[in-house]
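Beneath this line is the structure, given in structure tokens, with notes to follow.
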Amino acid sequence: MKKQRILGLFSDFDKAISVIVDIRQYRLPGVSVDDITIKSPIEHPEIEEILGERPCYVPWFTLAGALFGLVFGAFFLSAAQANFLVQPQGGKPVITTMTNLVLIYEMLILFAMLATSLGFLIGGRFMRRRSSLYDTKISLDQVGIEIETDNDYIEPVRKLFTKHMALEIREGKP
Amino acid sequence: MSLVRNFIENWSRYAKSIDEGGFHEYKHMWGMVVDLDKCTGCNACSVACYAENNIAVVGEDYFAHGQAMHWMRVERYWDEPDIGGKRITETQEHGASFIPMMCQQCNAAPCEPVCPVSAAYHTPDGLNGQVYNRCIGSRYCEVNCPYRMRYFNFYSYYETSWPSPLNMQLNPDITVRDKGVMEKCTFCIHRIKAAKDKANKENRKLADGDFQTACQQTCPTSAIVFGDLLDHDSEVHQLWHKYQTKLGTPRQEKENPELRGYRIYEHINTEPCVTYLERVREV
Amino acid sequence: MMAEKTAQAAKDIDETIAWARINADVLRSMENPRKGYWVALAVCFAIFMVGVAAEVYQYDVGMGPSNLNNPHMWDLYISTFIFWIGMSHSGTLLSAILHIFHVDWRKPIYRFAEAMTTFSLLTALLFPVIHLGRVWNMHWVFPYLSDRGIWPNFRSPLVWDAFAIATYLTGSVLFLYTGMIPDLAICRDNATGWRKKLYTFLSVGWWGDDRQWRNFRKTYMIMACFLIPLAVSVHSIVAADFAMAIMPGWHVTSFPVYFVSGALYSGCAGIITLFVLLRYFFKFEQYMTIPILEKLCKLTFAIAMVWTYLNLIEFAAVWYGHDVPAKEVLIAKFTGPYSPFFISMLLIGMVLPFSLAFQKVRRNPPLLLAISLLLNTGMWMERYMILAPTLSLSFHPYTWGVMWPSFVEIGIVFGSFGLFGLFFFAFVKVFPSVSMYEVKEMVYHRRRVVFDEAEEKLHPATAPATASASSEDGT
């Protein structure tokens, strides 16, 4: 069976939500909540709840970056100072742990932020080709619902979209 | 990997500050005694220093701007009754007193840890080294020096300082500094080096009197004594001992309060290696 | 009619505004630069060129022409550096702190504030470089592997500066950029020509699906959480340049906090300035509304009071400490040659913000423009007054001396304002200076809250459960 994608554009979130509610309640054949993607012009944490738990791995990237910054910072600074013996200055020791804390702090933040950005790019599936199912109206003021399902189940989905006054319906291959 | 091993193995040594003996086991600790009661303020030391260390003569205009380079400067202070100073009649006839100031070669120097590129560093002889090649001219060292004894090359002074025949008198043992570099008194480190090399060649230990700094050599009243503080036979050590001035204290405790000898700003814990012989009077 | 107008004025934003309108208004601001824009750009360029000329001369001759001398090794360069670093702090405050607390009135104004952060940081970055005697060796402060085994001195506050500013620049650019990605997608969808290519590249494939929004939300929040301690650390490290030194008047424990509060103060004043200008020139009256301006003024007032307190407590600390040189410096600040600067700094910094306590003032954009510019002048003088008196009067009496900056120094400082202007003018025409998607969110949420409340009032008995439930998720 071939997979097919269908996108419906709605004028506001309420209509889009009622589509998802219908899918959850009536259980369209072959369509589950996990097949739904909302495309919207704004952030919608409370609306996303209707889609159920969906994972987000960015914090793990952050943690990894922060730990790397911490450990790398500590070792890098100490190692660099230990190998640079013309340093003993102002009565201070060669490896100055106290002042290195300042730099370790900065390095922790630097690497944590870089890792966060990386996690963002990976987790959000960025830098990919545009799918055919994108409409500039999504960045303007319309809410899109994209459903990926088998070829045979497209028809009921389209009916559901029309029922909830979809402004436009598009289809495309995944 | 050896990078990491180095600091793990030597941690106990590297983590020592000056309070716990420091990283260095000093073989020498160059120090100085300046007897202010012998000093006549003749400025010969300053002139000698200019000649010895290739210090640029900046001219009247720059001097007036405060951009001069006198590593060794004889400072004059006036007791001016009209601005509140008391005239001390029993010592100074005209209310003027002077003090030759050079880099105090502090053991806990404020200038050193602030240098971003480690151009100011502490030599194993207890001197404040200044690596001209490494200096990027952030001038933080001078900003943090309580004695204001560091000098910055604001211009390429060498271009005008020694017009044609004069460049022949430049000291070949010392570099000529270009603009943008900080410099200061080195306790004539090139002379120390030469004397050390000579002693090494002759297979003997460096003795007191093997060398003199330029200012010491020139001083007509022998007010300046220079030598190794760790060498118990040296004149400078004996003078420090005699006048009960000690390293490693923020305040000199003396058995006899009449005894002369103090270090400048020792209360801010800079650990200077220069003792001035003069009774400290409360004004 | 009258009643409607006042009700309108009390709201942060008109929530009936259509989403398409928001897009159109902001996108309009980015195109068709008028003659005035080019004139302003040319003026900024001319100012910048003054600075460039002065710097070229100084580079060629040495640091001498800047009038720096033996006690005054740092002067305007470093104080202007602190000034610009300070300007860069409020973008983060507004954006990150207010974001964490879900304060929605930040949404229309945070974008240009963050741009201000980034650009003033870039401008600030110039000064430590310019003030180096040997600029061409400035990379030596960064830790790179050298075959000679030479490293920078990691215990120097200047190296901390280099680390902190590099981190802050990276962080604030990432924060600005991440927050802008959805807007860049809007631009991409509406642009043609080179702009299309640019925005397509920069929007890294933002299609607005829920996966992207979810990751975006997390990322943005995490970045905000990191930026707050980072911003505080950056300015306290700048303060450490002074507080770690042993000079009287600098060796003060409260300096880091004092610097951070001063930074937020001048940054907030800077935001007010740009707010009023953008509001007027780009006709953003509907987004940058008077109520938001009022809130901004209140924030500025609060921070000004914190700064005032820390300023006064510093005097108290000096007085208590009984450190003679420090006392001398403090007295010289009030009575010495620099006293006109110091006293006008105190008047501007401590007394002038009280004008913000009056609603009439807070609602008057032209007056606020003047006040905010004055406040920043005061803050600039504050930075100068941190440096000059201490340098002129430190421990050693022989080197006491007053120094006034030369035209080279003033020229470079002047030029930095041109550079900032250039950056900012370029930004507002290439990137949306009001966050479109977040204004949409703001409008959306406010509309829901208002409608839900209205519904509750209309049908309190019929649908109490649903009304309260929906208003809960609306807020």
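Note that the chains take the letters A, B and C in the order they are written out, and that residue 1 is the start of every chain.
Just so it is clear, contacts are C-beta pairs under 8 Å (C-beta built on N, C-alpha and C of every residue); 3 or more make two chains touch, one makes a residue touch a chain.
All figures in this text were calculated on a predicted structure; none of them were measured in a lab.
Compare each chain's C-alpha centroid with the centroid of every protein C-alpha atom shown, and the nearest one belongs to C.
Comparing the chain pairs A-B and A-C, the larger number of C-beta pairs in contact belongs to A-C. Look at where the CA atoms of chain B average out and do the same for chain C: the two points lie 44 Å apart. If each chain is reduced to the centroid of its CA atoms, chain A and chain B end up 62 Å from each other. Per-chain Cα centroids separate chain A from chain C by 29 Å. Within chain C, contacts with two or more other chains are made by residues 150-151, 153, 155, 159. Among the residues of chain B, those in touch with two or more other chains are 110, 113-115, 118. Shared contact sites, meaning residues of chain A that touch two or more other chains, fall at 80-81, 83-84, 87, 89, 92. Interface residues of chain C, counted against chain B in their complex, comprise 61-64, 67-74, 128, 131-135, 137-138, 140-141, 150-153, 155-159, 162, 241, 244-247, 391, 394-399, 401, 403.
The residues of chain A lying in touch with chain C in their complex are 13, 37-46, 48, 51, 54, 56, 58-59, 62, 76-77, 80-81, 83-84, 87, 89, 92, 96, 99-100, 102-103, 105-107, 109-110, 112-114, 116-117, 119-121, 123-131, 134, 136, 138-141, 144, 146. Residue ranges on chain A touching chain B, taken from their complex, read 75, 78-95, 97. Residues 62, 65-68, 73, 75, 77, 101, 110, 113-118, 134-140, 142-144, 146-148, 151-156, 179-182, 265, 268 of chain B are the ones touching chain C in the complex. Put simply, chain B touches chain A in their complex at residues 3-4, 6-7, 10-11, 13-19, 22-24, 106-115, 118, 120-122, 129, 271.
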